[in-house]
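In this document, chain identifiers A, B, C, D and E correspond to the written order of the chains, with residue numbering beginning at 1 in each.
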Amino acid sequence: GSSDPLGGQDTASGSSSATGGTGGSGDALVIGSQQYYSNEIIAELYAQALEAEGYTVERDYQIGQREVYLPEVESGAIDVMPEYGGNLLQYYDAEATATSPEDIQAALTEVLPQGLRPLEPAEATDQDSYNVTRAFAEKHSLTSLADLKNVDEPLKVAANSEFETRPYGPAGLKEAYGVDVTVVPVEDSGGPLTVKALVDGDVQLADIYSADPSIAAEDLVTLEDPENLILPQNVTPIASEAVDEEAAAIIEKVNAKLTPEALIGLNRESVEKEASSEDIAQAWLAGQGLS
Amino acid sequence: MISYRSVTKRFADGTVAVQDFSLDVPRGTLTVLAGSSGCGKTTLMRMVNRMVDPSSGQVLVDGEDVAGRDPVALRRRIGYVMQNSGLLPHRTVAQNIATVPRLNGVDRRAARRRTGEMMELVGLDAKLADRYPAQLSGGQQQRVGVARGLAADPDILLMDEPFGAVDPLVRSELQRQLRQLHGQIGTTILFVTHDMDEALALGDQIVLLRAGADIAQQGTPREFVAEPANDFVRTFLGLDRGQRTLHRERAADGSIVVVDAHGRPAGVLAEPDGRPDDGAHPGAAADGGPRPGIQDAPGA
Amino acid sequence: MNQLWEAVLWCLDPAHWTGPSGIAARSLEHLGYTLLAVVIAAAIAVPIGWWVGHTGRGRGAAVALSGAARALPTLGVLTLTALLLGIGLAGPMTAFVILAVPSILAAAYAGFEAVDRRVIDAARAQGYTGAQVLWQIEVPLGLPVLVGGLRSAALQVVATATLAAYVGAGGLGRYLFLGLKTQDYAMMLGSSLLVVVLALVLDGVFALAGRAAVPRGVTVARRGVNA
Amino acid sequence: MNWVLDNLPLIADRTWAHLATSLPAILAALVISVPLGWLAHRYRILNGPVLTGAGLMYAIPSLPLFIVLPVLIGTGVRDVVNVVVALTLYGVALLVRSVADGLDGVPPEARGAAVALGYPPLRRFLTVDLPLAGPVILSGLRVVAVSTVSLCTVGAVLGIPSLGLLFTDGFQRGILAEILTGIVLTVVLALALDRLLVVLGRLAMPWTRAEAGA
Amino acid sequence: MISYRSVTKRFADGTVAVQDFSLDVPRGTLTVLAGSSGCGKTTLMRMVNRMVDPSSGQVLVDGEDVAGRDPVALRRRIGYVMQNSGLLPHRTVAQNIATVPRLNGVDRRAARRRTGEMMELVGLDAKLADRYPAQLSGGQQQRVGVARGLAADPDILLMDEPFGAVDPLVRSELQRQLRQLHGQIGTTILFVTHDMDEALALGDQIVLLRAGADIAQQGTPREFVAEPANDFVRTFLGLDRGQRTLHRERAADGSIVVVDAHGRPAGVLAEPDGRPDDGAHPGAAADGGPRPGIQDAPGA
């Protein structure tokens, strides 16, 4: 809205290019990414795929928050931005009721501002998920969020502070499953600190993005969500009018190959092998025959 | 010629530093303002170059009221030498001396030449030109201060306890040099001190002040010693404690030692030709002898 | 400015003040973190600073140490310690202590250095032992400067203590991050205002302490009272 | 250390961005502090407000400042100008006091001498007062330089490029080497700048060496 | 009794401040170490209370080498008075004076009584007891310094240019008092100054030093004035510039003014009975007159 202090301003994109670029030619496509390594990898996939087809691409990665980059996308300073369906929809329409990927995609087409369109989403998702340690799951025989109401000890969940206010946060959990939890805010978006808090036993539950390789690495159990409390977050690029049909097709071709397992694999390259997004993208695209 | 006409200075906090003060400082003389701490000496001196403006009364330089003159221009025509030399610590000796000529727009070359002359005049080794003040001894710093005060060839030189902070040996050397210099250049000098010995040694005219710049006595050094006007002057001279009332005593070698009332020796009595006095010619060379510098001083 | 006004309203809303996560509790937490950090930093820096000031040795090392400590980016230290130590107060407290040490260290030795050497020399000549010089002269005369150092350390920490919430601890930073992440700008700005108010209060307290720390003989000297 | 070797261009980029943000802030802080410090020094009534105000500025948490500033000065959130302005404010907060202290500490004899010699006021300020306050201002500037370089990293939370991005990215990915690299480079940068200032100070104020040696 | 036996002091930086110095300071005397800045006076003095330890040689107090004594205990038996008084700024006058007795474990009551005695001895108003040093004038501060030095009833009092920073008027008053005090208490006093006038006024024995604490002359004040040992001593006394070679001149009022070679008046010549000299009785009261303090000084 217009009272949003972060919105409505033109942003000089002077702060661009983490891994090179073509130096701001008029027809270059500007690809942005969130300040999230996994998002940057996806952006890099699009960038390299486009470059392989002869497009000139400028990279503008590691942008803090939706409130910061979406206005830039709206203003045309950024042409392609990898997004996540559910959260993006809620950003534009807090009252949205869609829960399935298809409904979300349809709703997005409606709510996105003039000049922006969502491209075909990938199968890969990266959404909030409630996780417990294997030991804790076995002790209380947990497989689903519904099982939590049988746990007699107080439950603490490590998550970003905004989790407190999200529909799938404590209030939603209470409503859908009748479970009480308190939030321990850890501001690393389900990163290593959150995982560490869970593994160390400081908390019993942790909100971790589903594509995070640490779920597998730490042998965590992701609790199922039979009530569809959590919105699916399929990787959904949004594109400006500068993105022609040919370019869109290139991006969608990448998306078509981006399965949940593929995304986790990419993330693992980044976290475990500490590889740069550039190298990860290059290797993966080559493996998929996309470069 | 400097003239004070009924000058009063009341500071913002109410202190009356100077009350109804009048004085003429004749051109070319060395006039000493003496008096103990806080009696208003510095205040009086600073009225001449408008560092302080009088609350009432006038200060005239060559008959013209300084109140009507631009302070900055006025100050560049008046040399000022202060205690601890007041040298600019971030400028070399040469730069310090050349300050006023440079401010007056004299070019670097000419200023440098003038600096050399000034250093020679005050007896400073030319090698010191590129040192910073902190690299000089106290006496050298004072010399630089004097050189700086004289560099723009001022008509008036104000000296505010210029030798207060140096070694007594160096101090008396500086005093000797100042007398000599004054004889050479003939600038009007107004000199402030709280040391009566210094006042007696230097002044053509001494003005002894009490608090509020009240004149206790004004006259030549000789008049001060011979005819102190009142008890205050006597005390200030040390006469009442017998310090300047002297007695003759014969020393082991036969010479006559002059001692004060405490038995503290003041010197050896000599005949005018410089030989030690054998005590046989009392009253010789009496009545107001020659001015210093004119007589060939024995042993000098 | 509208935003600021809403922030003020947020602060003044009594509903926000009560409960275990109310403003009152969070402010106390925040204050507690700040004081704890300053106390720990003082426990490290004051003895070192006094030793440097008293012996005159190791000054170069102390200067270098506080320079390096000042250069350490708090965000970096915080993320590093968090990764190593996990959630809780240990990580941020390490960062805050590192933040507070340079000012206190510098003030501790500068306070001693500001003591007139002649006074100390005279005291030694009267037969003061080293310890007596330290406790009876250098410590009381250096105290005002030290309090000044504690004051600026406390101000720096009180502002930075918001970062404790980044790794799961409490304090006013909770509101800051929650407001930031949920676009509740009244909350975010409001909590910042509260931090500034807390800083003002601390500043005032330290100013008073600083005044009380000046020995009377020095106070009269400053006022220029004369016989 | 593999991470470092594999990411040298990235590190160079971040370092460069870091300098490009902090150097202008340090310079701006100096330029702004001199007149403010002079005011605080010259007018006793302004002394309290200016210095206390500056002190309190330092108590504003940096993160909200980075976010509020764009609203106040009308720039984009990701505009480097925001961070430069915010860092400048913090720098001024520290430096104003140094300037005021430095000017207060100019020996009255030197100042009096300059007046007596007939320096016009502005020239006296520029060529006598300011250089003599130089050593104190320099020591303040060194603190400002070091803490600005250190503080600059906070902008990373908003995605403004600096070495701080190595912290946020390393934190998310759990790469200790990346965080350590960021810390070490920040410290090295800060201390190198500090050294540079010392050397520049020595060149600009040759008399300070003479005083130290005397 | 203090004895220096071939004492040398080389500082860490290589400066040789004192080279092979030997001297006896007899018990109960006031011995003055004079000499210009940097000649080693302070270094010599500080060897007595072990503030400086000699590089070679010995310093004996009452025949015992101080090197063997505990410095802290030694210092509490030796009074020390320095320039700018060195008072503790955060302690009152009374607390400052009571410092050493309190360090020695004297109880508060007794220390307070002692403080009162000391203040009376040095001529300080009892009302000043609860003031802080900053609330005193320079002269009063020096008196407190002397009182503090004497409070523990030391056998030896070391005084390092104690009157260097005060007004000349106050200074001569303090000098007078010190002589009187010394007559009363008989403590051995080692006094450092670079002012030869002060040395002549105070010393039973004067030791004039050149750089490196090389003794130029040692003797009574009278011996110095009458028989300066060499040119250095003459220069230091101002004899070579005629400052202490005096001439008689008759002033306007008929009294005899004694002037130095520069015509600077040194005083008025008087007969031993204090009347101004009419010039008729040369040589009267010659040969080593009475010690100060014994003779009734005129005007005192």
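Throughout what follows, contacts are C-beta pairs under 8 Å (C-beta built on N, C-alpha and C of every residue); 3 or more make two chains touch, one makes a residue touch a chain.
Predicted model, so just to flag it, every value in this text is computed and none were measured.
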Shared touching chains for subunit B and subunit D?
-> none
Among the chains, which has its CA centre at the largest distance from subunit C's?
-> B
Where the CA atoms of subunit C average out and where those of subunit D average out, how many Å apart are those spots?
-> 20
Taking each chain's centre as the mean of its CA atoms, how far is subunit B from subunit C in angstrom?
-> 55
Taking each chain's centre as its mean C-alpha position, how far apart are subunit C and subunit E in Å?
-> 50
Distance from the mean Cα position of subunit D to that of subunit A, given in whole angstrom | 38
On subunit C, where are the residues touching two or more other chains?
-> 3, 82-83
Sites on subunit B at which at least two other chains make contact | none
Sequence positions of subunit D contacting 2 or more other chains = 67-68, 71, 157, 168, 171, 174
Sort out which chains touch which and give me every pair.
-> A-C, A-D, B-D, B-E, C-D, C-E
Spell out the part of subunit E that touches subunit C in their complex, as residue ranges.
-> 46, 49, 51, 72-76, 80, 82-92, 99-100, 103, 128, 131-137, 140, 148, 158
In their shared complex, subunit A is touched by residues of subunit D numbered 2-3, 6-7, 9-10, 13, 17, 67-68, 70-71, 74-80, 157-161, 165, 168-169, 171-175, 177-178
Subunit D residues touching subunit C - in the complex, by the definition given at the top | 52, 55-56, 58-65, 67-68, 71, 142-143, 146-147, 149-151, 153-154, 156-157, 163-164, 166-168, 170-171, 174, 176, 179-180, 182-183, 186-187, 190-191, 194
Residue positions on subunit C within touch of subunit E in the complex are 116, 118-119, 121-129, 132, 137, 140-141, 215-218, 220-221, 225-227
Going by the contact rule at the top, pick out the subunit C residues touching subunit A in the complex.
-> 2-3, 82-83, 86-88, 165-168, 174, 177-178, 181-183, 185
